[in-house]
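Chain IDs A, B, C, D, E and F follow the sequence of writing; residue 1 opens each chain.
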Amino acid sequence: MKYVIAIIKPFKLDDVREALMGLGVQGLTVSEVKGFGRQKGQTEIYRGAEYSVSFLPKVKIELAVVDELVERAVETIQRTANTGRIGDGKVFVLDVAQAVRIRTGEAGDAAL
Amino acid sequence: MKHFGSAGGRAWGTALAAIGTLVASAGVALAQTAPAAAPAAPPAPKFDSGDTAWMLASTALVLLMTVPGLALYYGGMVRKMNVLATVMQSFAITCLVTVLWTVVGYSIAFTDGSGSTQPFIGDFSRVMLSGMGLNSVNSLASTIPESVYMTYQMTFAIITPALICGSIVDRMKFSALMWFIGLWSILVYSPIAHVVWDGNGYLAKLGVLDFAGGTVVHINSGVAGLVAALYLGKRKGYGTQPFHPHNLVFSLIGASLLWVGWFGFNAGSAVGANANAGMAMAVTQIATAMAGLAWMFTEWMVKGKPSVLGIISGAVAGLVGITPASGFVDPEGALVIGIACGVLCYFSATTLKNLLGYDDSLDAFGVHAVGGAIGALLTGVFARAAIGSGGKGTAGGLEGNWGQVLLQLEGIVGVAVFCAIGTLIILKVVDVVIGLRVDEEVERDGLDLALHGETVP
Amino acid sequence: MKHFGSAGGRAWGTALAAIGTLVASAGVALAQTAPAAAPAAPPAPKFDSGDTAWMLASTALVLLMTVPGLALYYGGMVRKMNVLATVMQSFAITCLVTVLWTVVGYSIAFTDGSGSTQPFIGDFSRVMLSGMGLNSVNSLASTIPESVYMTYQMTFAIITPALICGSIVDRMKFSALMWFIGLWSILVYSPIAHVVWDGNGYLAKLGVLDFAGGTVVHINSGVAGLVAALYLGKRKGYGTQPFHPHNLVFSLIGASLLWVGWFGFNAGSAVGANANAGMAMAVTQIATAMAGLAWMFTEWMVKGKPSVLGIISGAVAGLVGITPASGFVDPEGALVIGIACGVLCYFSATTLKNLLGYDDSLDAFGVHAVGGAIGALLTGVFARAAIGSGGKGTAGGLEGNWGQVLLQLEGIVGVAVFCAIGTLIILKVVDVVIGLRVDEEVERDGLDLALHGETVP
Amino acid sequence: MKHFGSAGGRAWGTALAAIGTLVASAGVALAQTAPAAAPAAPPAPKFDSGDTAWMLASTALVLLMTVPGLALYYGGMVRKMNVLATVMQSFAITCLVTVLWTVVGYSIAFTDGSGSTQPFIGDFSRVMLSGMGLNSVNSLASTIPESVYMTYQMTFAIITPALICGSIVDRMKFSALMWFIGLWSILVYSPIAHVVWDGNGYLAKLGVLDFAGGTVVHINSGVAGLVAALYLGKRKGYGTQPFHPHNLVFSLIGASLLWVGWFGFNAGSAVGANANAGMAMAVTQIATAMAGLAWMFTEWMVKGKPSVLGIISGAVAGLVGITPASGFVDPEGALVIGIACGVLCYFSATTLKNLLGYDDSLDAFGVHAVGGAIGALLTGVFARAAIGSGGKGTAGGLEGNWGQVLLQLEGIVGVAVFCAIGTLIILKVVDVVIGLRVDEEVERDGLDLALHGETVP
Amino acid sequence: MKYVIAIIKPFKLDDVREALMGLGVQGLTVSEVKGFGRQKGQTEIYRGAEYSVSFLPKVKIELAVVDELVERAVETIQRTANTGRIGDGKVFVLDVAQAVRIRTGEAGDAAL
Amino acid sequence: MKYVIAIIKPFKLDDVREALMGLGVQGLTVSEVKGFGRQKGQTEIYRGAEYSVSFLPKVKIELAVVDELVERAVETIQRTANTGRIGDGKVFVLDVAQAVRIRTGEAGDAAL
């Protein structure tokens, strides 16, 4: 099982979620994050002070997927979240040592 | 029925011509500035301090409706990324219209005018408020200083265009909005205010009843909103993506301040602290509450839950509906108007809008135009002779004068048509010159940061 | 002391009987609707425009107290998942009570009544506000139109039940609340308002002093709140989980608007723009500020930090305490009342509540009933003959009339007992018929989404 | 020019001596408490109910400016971790100053005084408001009860020190603030109010025009703010870290309530519901809107975007600027004052502040002192004889009386210098006794939790 | 050392934290997330528009634990956060390559 | 490639970001979290109720870095975020199995 972490543009969330569902993904977890990268933010001005916004709003998606699905999941995210513009984000894949479903105590792939 | 015949048609044609004259002569008038000499001060009039006190307070109350009332009511309903852009619209319009009203708007709306344009616009004698001194009086408000009446009416001139914004949030350029509203205020609002409220106004003379602005404020802004929404088109993602209201607590504050401020709007329209004002306040309270309940229960039955957005929308619908009626009906009429507005505006802002498919984003049309029209019509039904004008008022349908309902209908249609045409022309001009809509990317990522360089947490 | 003897007991028994009559005859009255004929218009009374102006403004101010004032004051204190449900309560009660007051509440409270029920309830002559025209006057407010007085009193009828919600937030069904409040407004509030304020009212005749509603509004709502809190039981997790107030900025806005609006409440209770109103405003301001400081410093000493929630709670306690006193005491009396309310309400809302263990969630009892009782008693102590009733007022204990304190005590006990019994009966009925409390899961996950289908960010 | 010579210097020296006397004798006076006997009641004066109604309403409006207006205006601009501490300051100052004004402040400011101190302070005859009964009248407000005038002036005494907080947020101890403001209110505010507004006041006698507090309120608070900002030093991280305003929606609500409430401030300063009040309201509205636009367009040109913070700052600058002028100028003067304040305050709060490098955190100086000075000077230019004092007013420069501008300058300088010295001394004393600034760690992690034990979400 | 990521129902946070403390866990980090899974959300209605709430509020707990504790930590979370109802959440365990305490620079198990 | 997760005090964020940029890090992702650990929070008081604040505001930084940089990145964070006071936070390093840049589809080190 792998743990996929994707940082994407916020307005792409619903598309990505639906595309993953289409793939058979049953669950995922989402959080609001701020991203710093090549994409440069705009400037916020407050009276005398100007701040260049170095952090841009992004959405982080985390999902554990069974090994067979990982490749397609990553590819699906990459394709769906893509706008071709700088700042589209990244996908990282990590190994999972164990997984448990809290409701039932099921472990391993059955936990998903 | 005759008013719908050719005479009526001609009259409204003249109206458009009058506006033409207005545009042409405004330049001239502004160039000459105003006939500077204040008329030789007449003997100081004896103002009624109680009436003046109430009108000063009413002015504050109506200003409260727009800032922060309407700003919050609308601001709480849009998505987080557009909150500041939305509240900015109300605030900036307050500033802009105040200045335009000072420069020329009041003069167009509330001076006598002359000749064939008199039923449609005033004259330029109060450009830059010249001649408005401590002793001057507007004939529509004989017991208070003109400065108070001018400022009071200014607050109506402010909120009307601010209401339009409900239809165009999330997608209109701020610069375009400023131009659109500026022109609209002078070319649409001021003439319509003259037509309905000035003693020489076309609809006023016909006998159309509009106590506090059902046509001038609500049908006017609602129709303009619809036209603008249709012209601009839908927001990206409308109907497919969830447009989560940022914070309905803000909207509830806004609706509450609208309610409280509306006492100044309706009871203030009695232009004095008298029994007419008292009755107007009472029926305003009653119709608003009834409409809030009506919307809430309708939604509860239809959707299964009573929502905060629902009850506040209903209350606003009731406020809108009672506006034209508030000086003419009694508490029972108010209850009926409340129920009608609560139920019908619910369906116009939900079922009807979804059916027809336009994106009247925050329902300026669905609540204000529809509610205003219902109220204006029912004013014709429920007006009681013993309530209007200190007891010497016009009777409505229930007291046998069904012709009043037709008159009211003419008022509604006349204002709606004139407003729609005027709004469309202005939009077209601004669109051609600077463009109305923000870039797709700006719309997608939010107007707050792109247009104003600020964000909310 | 005789009022506590059998005579007093009998009197309060009659009160309950009167309510029985009320329930029975209301149906009849409503069926017949009202005696439609407005009395042949008497010669138009000469209203005082200044008094009317102030009462119009006061009405707006008191409405502002409930929406958005109280809504925000309470809404900011609950957990995030219940914010909308809480503000919804204030808004919906505003709508509901407005309609009920129009239909029957005002008639019960502020008409003369007749026979043996006269000391406890009025009659049905103003059902549907029938007969309230431009020229009608309520004898309690002879210089202003009745429509103004009716609407002004309506805002009191609104805020009183809304205050109760502080005790029952986070766990009561919205539907049950609507029934509970609707019945309570008619069966408890209106009679008590009659008893205390109407010229024929039992406590009014006894000479109990309550200028702006220490008993009618605050003891009444606070006691009802306590009864409801005890009946409902504690919130799940109370005392064990942290109940973090959502946003005290909202509460501070709410407390501020309560303060500002309270000028309409207390100074408005002079029913005119006169020196009594002026003094009532002055002492209101002074007692409120003093109580805010008193609570703040007490908390600072006891807990080590002065908190926002503390100072605003103190200010509200001061507003409550000065309410019954505001037309009778001078600035020095106001300072003492402020200190007493600030310090004692601090302990009642913290130590006492924790000691006794009931979950009066936002301290409707701890602040309103306790503060109201302190204020009512101290009114008996500090009333000055030179301040009340335009200078011809009742003397208090410090001026030698210690009997007044006992009278005040009778007022407090009478209202509290009547209210407690009435509240309990209504709660029981509603509980049996539809159930009072939300499901455990709804309570745990928040009322906003479950009951109203909405959330705040 | 003579007022700047030695006579003027001596006069201001006496002022400081008068304050010395004040400090010394206050103790004595308080010990004796007040001459308890209320003067044998004179025949009840005939108050004007309309004037009284407006002044009651105005008092509520001005209170609304501070709580919640100013609290929110400032609270929305600071970082999230300091929001509650900031709103707490406004609320606590409201409580504190109310009590101090009752105890001694009103007496110092608005009684006649005697002897050589008369031009600078009043006397102690109204300590604890003793002698203020239902029939008493202050000679500055002859048509309303003294209780109303006292409370109205109290709201000015409240907002002035609360404005100072804009300069010192994010770093001053709450305990130190309470001491600083308490002393400042008595030793700086009350004397200056006497000097400018009391009939016997030094600047009043000279003929300095300040209708509603350009010097007393705005220059006074702005200068005090600057002195405090310089004394305290910059906030940690100022200029290097981003200080993101927590929520500009709160600031917009605050600015809007300031605007609405300012009608009570300026139009209320006519102390009656008359044509002067009406004109003051009109010019207030006009100057505010013009300044809002002026700041917005300036920022738009300079920085490329019109911001919410910008337009609301501009509106506040306009409100400040029109304050001294509001009873004296006409709408054209108002437009010019609005433009001047909008543009110049923009540069003073941005360019100038950055240039000089002090950390006037929320620009109490940059907006209030600068705007107040601009307004005070332009009052001298645009005052019209036909507008002031019911038509018998002072002419300004444009009507030939350029000497008035110099007089105004003396007023500005006099107030600024006196205020700066007084403020500095008080700060020094409080600093030595208990220390002014919070610990570095508290400043870094936020004042909300450390000082008040609370947080916002 | 392992990195345990648990997605739980918000109202269970305090219970879980206390249970873990009882086990000897010294620290953990919490964030508010939105979860998508089998559990279906309610419907939000705004005037004409209805949105089925596909994302439900959840809490994410992250904690690094020494190898010996992992099993018990996972089991404790599973047991404490369990309500038996759908939507109870998941526990995932990942490998940690290195850990450092910022205050002291200590590395490895000593960093916890 | 490694995935570095650092929990730090909020006011250190800008310093850390800049220090990492100096090292050549091109991007990172930030979220607001609440931390529980040895550092004890203050007490919040609401009328009768007192809550000891067990969770303190922290900032979580996540960044994927190429293997060569990991050591220096961790060391830089540790040094920059350090105040010497309790509650400074932790740095954890996890293995990354795969990384993809959404905009281009580039994988591996090129994705960063």
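Rule of thumb we're sticking to: contacts are C-beta pairs under 8 Å (C-beta built on N, C-alpha and C of every residue); 3 or more make two chains touch, one makes a residue touch a chain.
It should be emphasised that the depicted structure is a prediction, and the values quoted were computed from it without experimental measurement.
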Next item on the list: Quick one: how many steps at least from chain A to chain D, stepping chain to touching chain?
Entry: 1
Checklist line | Self-contact between copies chain A and chain E, residue sets same or different by half | finding: different
Next item on the list: Consider the two chain pairs C-F and A-B; indicate the one with the greater count of contacting C-beta pairs.
Entry: C-F
Notebook entry, point to check: Counting in whole Å, what is the centre-to-centre distance of chain C and chain D, each centre being its mean C-alpha position?
Noted result: 35
Note to self: Using Cα averages as centroids, what's the distance between chain E and chain F in whole Å?
What the structure shows: 17
Item checked: For chain E, residues contacting two or more additional chains -> 31, 44-46, 94-95
Notebook entry, point to check: Which chain D residues reach two or more other chains?
Noted result: 48-51, 53-54, 57, 242, 245, 253, 273, 303, 305, 307, 309, 453-454
Notebook entry, point to check: Which of the chains are touching one another, listed as pairs?
Noted result: A-B, A-D, A-E, A-F, B-C, B-D, B-E, C-D, C-E, C-F, D-F, E-F
Check: Residues of chain B touching chain D in their complex?
Finding: 38, 41, 44, 47-54, 56-57, 59-60, 63-64, 67-68, 71-72, 75, 83-84, 87-88, 91-92, 94-96, 98-99, 102, 128-129, 132-135, 144-148, 150-151, 154, 174, 250, 253, 273, 451-454, 456-457
Next item on the list: Would you mind writing out the residues of chain E in touch with chain F in their complex?
Entry: 3, 17, 26-31, 62, 64, 94-103, 105, 111-112
Notebook entry, point to check: For the complex, which residues does chain B have touching chain E?
Noted result: 77, 239, 242-245, 299, 303, 305, 307, 309-310, 313, 349-351, 353-354, 363
Next item on the list: Spell out the part of chain B that touches chain C in their complex, as residue ranges.
Entry: 48-51, 53-54, 57, 61, 80, 245-249, 252-253, 255-257, 259-260, 263-264, 267, 272-279, 281-282, 285-286, 288-290, 292-293, 296, 303, 305-309, 311-312, 315, 330-332, 335, 386-387, 390-391
Check: Can you name the residues of chain E that touch chain A in the complex?
Finding: 2, 5-8, 31-38, 54-55, 58, 60, 74, 77-78, 81-95
